[in-house]
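Take a look at the structures listed below.
Consider the two complexes below, in which chain A is the common component and chain B and chain C are the respective partners.
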Partner chain A sequence: MPDTHALVNDFLNKLKKRKIEGSKTTAKMTAELLRTVISQQRIPNTNQAGALIQAINAIGEQLVSANPVELAVGNIVRRVLHIIREEDLSLTTASIGGLSLQALSDDEDNIDRDDRPVLSAAAVAAAARSTLRPPSLQTLLEDVPHSAAIHQSSSSAGDSEEKTKSTDKNSRSRKLKHNVIETVNELIQDIATCHELIAEQAVEHIHHNEVILTLGSSGTVIEFLCAAKEKKRNFRVFVAEGAPRYQGHTLAKELVTRGLQTTVITDSAVFAMISRVNMVIVGAHAVMANGGVIAPVGLNMVALAAQRHAVPFVVLAGIHKLCPLYPHNPEVLLNELKSPSEVLDFGELSDCMEYSTGSGAPLLHVVNPAFDYVPPKLVSLFITDTGGHNPSYMYRLIADYYSADDLVLQHRPAVS
Partner chain B sequence: MDPRRPSRVIDPKVRKVGFFTPGPPPDRTQSGPAATPPSQSPISNTLSPIMIPPARHASDNLSRAVGMPVPAGSQLHGHPPVDSLQVGSYTLSDSVLSPSPTRSPSSRVGLDGDFSEDSVNWMKRSNSGRYTPVLPTGGPDLTQSIEASIDESSGDHIAELQKNPKPLKAKTTKAERRALQEAQRAAKATAKGEGNKSVATSATSAPAQTSKPARHPSQKKEPPPLVSSTPILEKKGTEKAPEKDRKKEVPPPRMQFDDKNRVEKAKKRSVVKQTEARNRVELFRHLPQYERENQLSDLESKFFQLDNVHPAVFKVGLQFLSGDIMWSNARCISMLQSFQKIIEEYTTPPEKTLTRDLTTKINASVSFLIECRPLSISMGNAIRFLKSRITKIPLTQTEFEAKTSLSSDIDRYINEKIILADKVIVGHAVTKIRDGDVLLTYGSSALIEMVLLHAYGLRRRFKVVVVDSRPHLEGRVMVRKLVEKGVSCTYTHVNAVSYIMHEVTRVFVGAASVLANGTVYSAVGTACVAMVAHAFHVPVLVCCESYKFHERVQLDSICSNELGDPDVIAKVPGRKDNCLDDWANKENLQLLNLAYDVTPADYVSMIVTEHGMIPPTSVPVIVREYGREHILI
Partner chain C sequence: MVAKKGAKAGGASEDAVEDLARVPLQAILLADSFTTKFRPITLECPKVLLPLVNTPMIDYTLAWLESADVEEVFVFCCSHSKQIINYLDKSKWTNQPNFSVTTIESQNCISAGDALRLIYERNVIQGDFILVSGDTVSNMMLTQALQEHKERRKKDNNAVMTMVIKQSKPSQITRQTRLGTDELIMAIDPTTKQLLYYEDKADDSKQTLTLDKSFLSENPSLSLLNDKQDCYIDICSPEVLSLFTDNFDYQHLRRHFVKGLLVDDIMGYKIFTHEIHSSYAARIDNFRSYDSVSKDIIQRWTYPLVPDVQFSINNPTKLERHGIYRASNITQSRSSQVGPFTYIGIDTVIGNNTVISNSVIGDGCKIGSNVAIDGCYIWHNVTIQDGCKLRHAILCDGVVMKPGAVLEPGVVLSYKVIVGQEFVVPSYSKVSLLPQPVKQDSDEELEYADSNTEVIVTTNPLENGDSTNNIGSDIGENGRGVIWSISEVDHEEEWRHSVSPIPDSKLIELTQLVNEDLEVLIQDDQFLPIDVRESDTESDGDVRDESQHFEKEVEATFLRGVNENVKEEHIILEVNSLRLSYNMASENCASALFYSMMKLALDNSRNLGQDLVKCTNDVVSKWGKLLRPYLQGVDDEIEVIMKFEEICLESGKEYAPLFVKVLHFLYDKDIIQEEAILNWANEKEDADESDKVFVKQAEKFIQWLNEASEEED
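Here is the complex of A and B:
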């Protein structure tokens, strides 16, 4: 599999050089890469899932270390690992379920044989539902008989399991890979459509004559606002330009072409204007497990101002931005210092660079962080593609999308 | 309005006389002697603490005393006639005073001018200040003086006033004697604090005997002389008075630019070409915003057409318009200096008085400057000061004397209120800088720069974080100056402030003005920085000269602000293709360039002024107590 290797290296380079921008594209590319990796992976006869997981883990670790700040990479790697685990589980439960059925109805051996594929498909569907949909009462209900069945069967038909396993090993191995790729495809699909899913909820949150403030630019925010506009809601938007990249300008231009009343303000005027704003809607870089947000720089200031004036601070985040880690000192550890050239033009203040302390260190430092950390208490609402959530609920969402084993993508000693 | 105002202005002196005679209560005490004395003493007590700050009594007293002078007068002269005289005297004083040239012009100027700064306040204060010495002597003399004024009516009013004090002193002895009597009486009635009565009560005691005739006027104010109620009434009296005062003090509403009629009128008068900017932000209709492009060149070409604008003022105006002078102190100083030139070259035209004519001249140049750029609050204060100075020029002074005194006043104002004040502030602020500190400052402020450099000169080891923001990027100037001197600096933009705030130990910011509710009116973005600092529990120190304090209050940054040129926002420095270049042609797109914002008082830990380091809650105190000091001693 030299080709996957090349692909991985290529992607690693891009990540390291920060060629890929935006968590959405990163997430999508990561998922696609992992899909090819899985499809190319040769799978041993025993412990297929384990081998797959190990392979993904190794690559994932490389990817994450290439750009530890781009949390979307890690998120996707974890998602894929979770998918593999789920598929594996559903396959085993399906086979066990088939077994138990077989044990229960001894006289209908033939029928049982035919039934199995159907059953396993249903199990896969259920598993897929549980991974990709928000937990619902139905999934819970569907789950219950399975687990009950497992317990029953494991106690009753212990040795017969071995036998069946060996018989349909081949079909299972193909099935696992196939199923995993299927689900990863679904995941890619989800990432691609998350904007639309989020934008669909716009009407529920934006009413007539609302005044909305946003900072910088985010694809999700554009879609969200435009969706509301398309539903004939008329509102005004204050756009803070978002130093040092001034993406607010592009956002403003985009909004104006869609016919929204837009006012561009400087970042420093955020506090002055926030008292006349009904809602702050911003995008995020990543959402942490505690409900804190890693956001484009400047948003902590906006969030504080919003809190001061009791303005709801709404964060739009696709589910691929949901990171299962708890942040520790995120302002520093999950931040990235960018080139000063964004803050100072080339040559600007260059005469000051000559001055230095006795030890030769320059007197002038220019700081240009990329991200801000917004603590959960400042966030009023998250809108994800699965609906609106409180910051305090984030940990629960995470349990749905990631399995606890994958939280740390460290290279572990080989299991088998 | 005009005829009335002057009288108002004058009222204070009459009242003042009354102030020292807190007579009405004693009056009543006589009617019910047993109970009243206790009430009396508290009054005197309450008064004395109030009076400690010199400036304040003036206003308090003035307002309170309206009724008082009468009784005192009545004592001395036969009662019934006195009464009539008194009533007359009020009206007379009005009539006498209003024509008197020194007063009326000033007040009128204040009214007529479009500027928010009204000289009336200062007038009032100055009057009160001048008359205070008269007060202790007691009411009777006033009436006399008024009589005198009636006699002399043609004569100079000021002259009379100056006469007053002398005869008064003689009479105080009488009053004192009476006070003693009163005191004894009171002592009999109750053992409560007689000691305090001394001078203040002495005046009051006088009316006590005359009681009946005197009462009528007093009763107007405080109806029933009930014992229990007297203290309360007194309170009311004291409180009412300041209220009245305040009414007058409240700065007149600013020009609202969404009022079409007024805008039209203003346009007619305007010198600078003002075409309203396109794509205005709806929220800020009430603030002026004009197309900038041609203003400067247009104004430059008008140089020879503007007769009524002095070249010095013209120059300053151009500098304001082009943004060459941006800092509030610099603007204020350059404006005052240009006025100084006006005054130097001024000659009173025939058949006109200096006070009146010069004020109109100043007014004209002020309105010219306003057209160039809206006045800052500090400039408004300075103009107010100058006008009050002009109106206070005694008629007896020759033109030359008046001019030199005005010119030196301006010099002293610049010196004491700005330059010396800065030095004192630097001295105060430096004490708050310790070794190892990381100081954050926002934008650029000359005063903060002085503080930092001074601290550096004292060999304190500290680092500076300069936070900057568009559109002016003034912070770069600051960084350059600091680095050149050897101060270690970190430069960043305002969005990164919450990243950098972790390492910061103190925030130093300058201010354009500090308002009476403790809010700091400052360059836009200061509020953001202060807010983040507050969230990170970093103390925020605002350095501001007290001449920038203002009695106005403001809750948000929207009601009054200044709009900058929106084009600046569209252009990102160092970028060739700005996506907002043709913003003016897009109906839905507006650019907003706010100049100031308002930092709520709770984000400010301390305001460093030349009077010391105060919490923001003490701002109104400074405004009240030291505001009067605008009148240089």
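Here is the complex of A and C:
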């Protein structure tokens, strides 16, 4: 499809040129792009899921290599792949179940399904998981009440699950596509509302007269703090300005307009102030499978200071930031060196960069990394849209959201 | 992203105001520099396709234009136009959404001026456009500059151009910028940012700058800057193209067009400047700037146009610690060392114990063992065999260096040159398979790679390939290539524009020169050395002319007064007004009047045949009072005596023997005081013998005066 092709290229270009900033926007745009791709994908009669997966995989690989540092892209691609697998599975199980069941009217099915399509898919997925896979710890824990109800669901809810039993291939493929798109829509919705879900938990964590420290600026953090304020919690916020981009300044402005008592400090004053702080709340760029955090530069220092004074270090992360990969040399490989001009004015120092004298080798080098890696042992708690989690629990969440088959998107050996 | 939104928002509001008058933002990209600085390489490949950190220069320019929301680019190709068009066709640039690249081809343009005239004839430019050359590397956002330009245009239709400038201090010693261009001196109005003066070829030998006096009087405030760098990014109104057409002799964008507009005050066109601070912009004008800009890219000042961001079709590259960029599939021996700030291209092989630092190595290169590479730019598929040593050199595609060959700093090896075994290529040599073109014209402006020579040239490599041996001897055993001879004029400047740093010996020499100049300054005890003195001599000439004129006028007035019997007061009044209009001191009036009197007396005596002394007496006693108002001090009187001396020596030799008599007479008439005469005598004491003639004549008189004054005491 030339249309999708152009869209994909356009998005690739934007990623390559670093024109998209922020993992939330990136995640949303990726999900929307993949939704378009799926809806336009022509599906063969056999192995429909395989074809979809292949198509998404191919595009995903390009997207990931366009900006390997923006992990949200890869996360969303893997989520979508996982969704396809799950939906396919549910259709298969349902069709198996459907064979044993009596045929019900298609019309009824459709009405039912349209009512609560996702629920049904999820239920089927859960059922499929328990039937087709060896039970994992997760399924055991989660589905204790549910597995007992499987019978129930397959019998009483059986009429809603029937969806597949239609032997008409066309309608089944349409269904697969339809289900996948529905679930992707749900995912987009999730990304859009993750702020609110996280913010809802604010009152449980921020108490009266506490002092909160944060660094730089994060949309999630603003929502979180404001939600606590709205619940009439009275607390103070220390904002470390977050050199060299100084987004802390905008955060402070925002907080003050919402009526929060705010103190701006320099990054270098964090250690001096940390003893007065009750909790550090920060946003993240990505959360790795081991519970480590890729975060705006400067946060590792804050985390270390917090650990020294036994201050809880809380990371807010929407579920789209959860990355199923383990970090290897993250300071270098998962980092992006930005332009030194954010740190120094080129004109001021132009005479320090005179290559026509001396050995010709540059004597001045300005390094401006965008991210820090905070190891899991420094993180006290992750607050995601599904609740608070320990760093050590991250791998479990990942097993829920991603399929192990998709962890490696690139089929050929990694370039580089 | 943010900027893009901003641009869209701006566009929308403009639409509301200008009501569908929005034209796409256009750019003209000159894919030809119309100079020969990159020869011999540019004989075979257009400059814009030369790799800069492994990506052709034009890709940087196009990627920047695209990211700056330019929608239509017209690429003007002249020399090697086919290569450029082929490249663009193959690249992804021609099939981008919202970004169209159109090539305009011409074979007979010899300058930027010609190119713009041709584009004007094509009539493709509808609104304001960006004018850049294809060797510009920048990451600036144009939104703000464009906005400023448009607002100025609304207020003043004559604001035709906005130049982008950036701070960059030139070196005190070499008097050139870090990009190897000459020190640039600009005068800018600090409030309106209007460009008032532009000089990029300040006279090196004098290190002075002459500004017109009127220039200072017309502009109430101006800042004179020498630490700005011209980025060669211009935002132009469509008038610029028609201006080039109207002035068919405009060739060079800066030397002719900008200076032309600044000098021409009839049309009143104005040029403004826009200074960028945090963004980067530079143009690759010579090998020195090639080196500087490459290093800036590796140091990421041009972000996001850096090797590990795929802004064009460049290969994916990973950035490692210490600024080392590695593409995929590199074979590197464990014992080799790759130093900081190095780029290594795809499929490159590096042998044992090889040391590489501060260099760019292209794709598919084969580097043997025990090779030392420092500060070199090695393009694609270059073979460097064991034991070679390279410092600060450029090696084009397909170059082969046989074992043990050495490149001294500043060497440029053009395409497919083979350097023979153990051959040492001397500093600053340029080696090519093609013979050096004969210079037809010394005018730099015309030294372009014109299409005729180019045609011959492109057929040459084949011939050379067949008859390797006749040119091989130049570059060592089994070598291939000719070392171009460097003309003496160029040789002096070679070190300025080379890729290699300026040798220490040169720097010391230059520092000494600068110090000497400083000493001269100190001795002169002035801040504006030669300049001031020059203008002094000039103004001396002026003053002399003026005073002669004045004297004549005074004389005419006096004679008229004598002939028409005008009242003395009236003559004084007239002389006063003359004095004001010529801006003369009272002593000048005194001497001029005195001169006129003496002349009258002389004429009278000649005409009437009377005794000169008597005539003088008559005239002085009758008109002596005229001198009174002007003889206010001893100095004025001395001036009169000196004038008299002059008369005696020059115009009225008859007076010479009568000097003492007349002097005595003047003394008697109270026109000249005793004190003045004595001072005059004192002053003359130190003078030359020739000057003392009259003092000696008056010796007795002076003695008498002296005695008289003593008696009085």
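By definition in this document, the second predicted complex is superposed on the first by the 336 of 416 C-alpha atoms of A that agree within 3 Å, B and C clash if a C-alpha of one lies under 4 Å from a C-alpha of the other, contacts with A are read in each partner's own complex, and residues count from 1 in each chain.
FYI, a contact is a pair of C-beta atoms (placed from the backbone, for glycine too) under 8 Å apart; a residue touches a chain by one contact, two chains touch by 3 or more.
All of these numbers come straight from a predicted model, not from anything done at the bench.
In the overlay built on the shared chain, the residue A:Y246 is in contact with chain B alone; chain C does not reach it. When the two structures are aligned on the shared chain, A:A317 is found in touch with neither chain B nor chain C. Look at A:L363: by the touch rule set out above, it reaches chain B but stays clear of chain C. In the superposition on chain A, A:A66 contacts chain C only, with no contact to chain B. When the two complexes are overlaid on their common chain A, residue A:L304 makes contact with chain B while staying clear of chain C.
Of the two partner chains placed by the overlay, chain B and chain C both lie in contact with A:Y355. Comparing chain B with chain C, the partner in contact with more residues of chain A is B.
Contacts of A:K17 after superposition: chain C is touched, whereas chain B is not reached. Of the two partner chains, chain B is the only one that A:D267 touches; chain C does not reach it. Using the contact criterion defined above for the overlaid structures, shared-chain residue A:S339 touches chain C, although it does not reach chain B.
Chain A residues in contact with chain B (one complex) as well as with chain C (other complex) are 332, 345-346, 348, 351, 355, 357, 365-366, 368.
By the touch criterion given at the top, residues 1-2, 4, 63, 67, 96-97, 139, 166-169, 171, 173-174, 176, 178, 180, 227, 229, 277-280, 288, 291-292, 295-296, 299-304, 309-311, 316-321, 323, 326-328, 340-341, 357-358, 375, 392, 500-502, 507 of chain C touch chain A in their complex. The touching residues of chain B, when paired with chain A in their complex, are 281, 283, 469-471, 476, 479-480, 483-484, 486-500, 502, 524-525, 527-528, 531-532, 535, 556-558, 561, 569-570, 572-575, 578-580, 583, 586, 588-594, 597-598, 600. By the touch criterion stated above, chain A contacts chain C in their complex at residues 6, 9-10, 13-14, 16-21, 25, 65-66, 332-333, 337-342, 345-348, 350-351, 353-362, 365-366, 368, 415-416. If you check the complex, the residues on chain A that touch chain B are 215, 241-244, 246, 249-250, 252-253, 255-256, 259-273, 275-276, 297-298, 300-301, 304-305, 308, 331-332, 335, 343-346, 348-349, 351-352, 355, 357, 363-369, 372.
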